[in-house]
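Heads up, there are several structures right after this.
Heads up, the next two complexes both have subunit A, just with different partners, subunit B and then subunit C.
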Partner chain A sequence: MIEVAEEMRSGWRVVAVRGRADAAAADHLESVLKTAVEANAKVAADFSALDYISSAGIRAVLQAARAAEGRQSEFAVCGLSPAAKKVFDMSGIQHVLRIHRELPC
Partner chain B sequence: MLTMLEEVVLLAVDERTGSLCSAREFTTAYALVGAVFFDLALARKIDTGTETIHVIDTAPTGNATLDRVLGEMAQRPDLTTVRQWIEQIFQHQKDLEGEALASLIAQGILRHEKSKLLWIIDIERFPLVEGRHQEHVKERLRRAILGDQIPDTRDIMLVSIAEPCRLLPSLLSEEELAARRERIRLLANLETISRKVSAAIVSLEAAMRSPMTRVV
Partner chain C sequence: MERAFGQTELTLDGDLRELARLALWIGRFCRSHSLDENVEFHLNLALEELFANAIGHGGCKDLPAAVSIRLSLAGREILAEFADRGRPFDPADAPPRDLGASLEERGAGGLGLHFVRQIACHIEYHRVNGWNRIALRLAI
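For the complex of A and B:
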């Protein structure tokens, strides 16, 4: 299960995700991020409170990034928790997405 | 919609002759296990971490091959890593390639031809009845590899299985493959399942080379 909180900050739509981004939460995560991308030119996914992300969660993030690419909007992943960072590092997803240590805004 | 397993096996059919490029090698067999895992992941039946794989829903998918593998996984909660499951399914699998071929024939995409070479050797061919399905899969693969955009989830999975199955040389020129080698590696690495399939293949190849080296 994930909990999502959204806010606007300096022109960025910040989507803060908390909890476990596994297969049970992947559709929700993808939907929330894609909706944010469709409505905003700049979206930052704040994963600093993410306890766990599985392959299904990674796919959801990738597809949100794909949607942003299609709309030529900015999509950044920020503040990865250590657990999430390990998964991101292993997958090499940092070569596909913009990943920031801190929020870009 | 075809399963990942069916799409990969369809790619292995030579469009001119109907022969199978894969020749049922162990590398292909490992990769086909990976394709089944991808099908189960897309159906939200399993999920993977960096090392682990687990069943999250045991309700049948309606596909006999997938449901057999899912049932086997549900009965062995003691096996927890992707690597263990690749080897478990590889050892106990019925012929995943044969099952996918039978399904493609039943769907009217391929037909089955048997003949004899020199009156002795059985030759099996699977000519395309309907070429657009294979062309669609090939086009998605080409676009995923030659483009710079993030591909669709299924297309990332397709690249990551076609690579260890050694199916890409039949789709792309040597120059294209050389130019896009890093892109292929990047896409294939995104998925835990394909990373583990590739590692299992490398490890098995090393194990097979080892006794040969001693003999020589």
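For the complex of A and C:
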């Protein structure tokens, strides 16, 4: 179960995701991030209130990153907790994503 | 047979919405044994990945009481015993994930089991009376 709040900040669409990005929430997460990427040139996924992420959540982020790549828009992942960061690290996709400690805006 | 201390068991239907109940149950187990958030995160991740695989690939989708999980503490390890009544599936048969491959070559498949292998220090599999029984040991 995730909750999403979006706002514009210095040219970035900031998508703040709160809760658990598990297999039950992955479709919701993917649709929110892809919609943002399709409508904005710069999207930052703010995961600072994300308590948990599994492979299903990682896949959702990956799909958004691919959509951004296809449109040549910027997609940044920010604010990961150490535990969530470790899941990204284990997945190996951190090499193809822009992961920031802080929001870019 | 040695009886592990503080054992607890949960039965789940073949529905991803059961993940909320799984997470609550794991949280209670961790709090009652003073296990930290990191251990709780890893337990959630390993058990969700096995559960999601059983539903997505094992034919457990929509089966009532498809999965049964037991957790216990044994010394400095957690024993997580995961059982599902899906198709026979030994996690050891799944090919290792090629992290060197590019995103496009690799796709997103197999990631869940890759996580389980990273988290568990020991994985055992048996097929017993129509059930897959996967025993994970996680270091605390």
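Keep in mind that, in the parts below, the second predicted complex is superposed on the first by the 105 of 105 C-alpha atoms of A that agree within 3 Å, B and C clash if a C-alpha of one lies under 4 Å from a C-alpha of the other, contacts with A are read in each partner's own complex, and residues count from 1 in each chain.
The definition used in the following text is that a contact is a pair of C-beta atoms (placed from the backbone, for glycine too) under 8 Å apart; a residue touches a chain by one contact, two chains touch by 3 or more.
All of these numbers come straight from a predicted model, not from anything done at the bench.
Trainee: Give one word, clash or fit, describing how subunit B and subunit C relate on subunit A after superposing.
Mentor: Subunit B/subunit C on subunit A - steric clash.
Trainee: So, A:Met90: does it touch subunit B (first), subunit C (second), both, or neither?
Mentor: In the superposition, A:Met90 contacts both subunit B and subunit C.
Trainee: Taking the superposition on A as described, I'd like to know which of subunit B and subunit C A:Arg20 touches: first, second, both or neither.
Mentor: Second partner only.
Trainee: Using the touch definition from the top, say if A:Met1 reaches subunit B (first), subunit C (second), both or neither.
Mentor: Second partner only.
Trainee: Just name the clashing stretch of subunit B against subunit C, choosing from 111-119, 129-137, 165-173 or 183-191.
Mentor: Among 111-119, 129-137, 165-173 or 183-191, the clash with subunit C belongs to 183-191.
Trainee: Between subunit B and subunit C, which residues of subunit A are contacted by each of them?
Mentor: 22-24, 52, 54-56, 58-59, 62, 66, 87, 90-93, 96
Trainee: Can you tell me which positions in subunit A touch subunit B when the two form their complex?
Mentor: The contact residues of subunit A facing subunit B are 22-24, 26, 52, 54-56, 58-59, 62-63, 65-66, 69-70, 86-87, 90-93, 95-96.
Trainee: Considering the complex alone, what residue numbers of subunit B touch subunit A?
Mentor: That would be residues 41, 44, 46-50, 56, 149-153, 156, 186, 189-193, 195 of subunit B.
Trainee: For a test of understanding, state which residues of subunit A touch subunit C in their complex under the given definition.
Mentor: Touch list, subunit A to subunit C: 1, 20, 22-24, 52, 54-56, 58-59, 62, 66, 83, 87, 90-93, 96.
Trainee: Going by the contact rule at the top, pick out the subunit C residues touching subunit A in the complex.
Mentor: Subunit C reaches subunit A through residues 16-17, 19-20, 23, 37-38, 41, 44-45, 48-49, 51-52, 97, 99, 102-103, 106, 108, 111-112, 114-115, 118.
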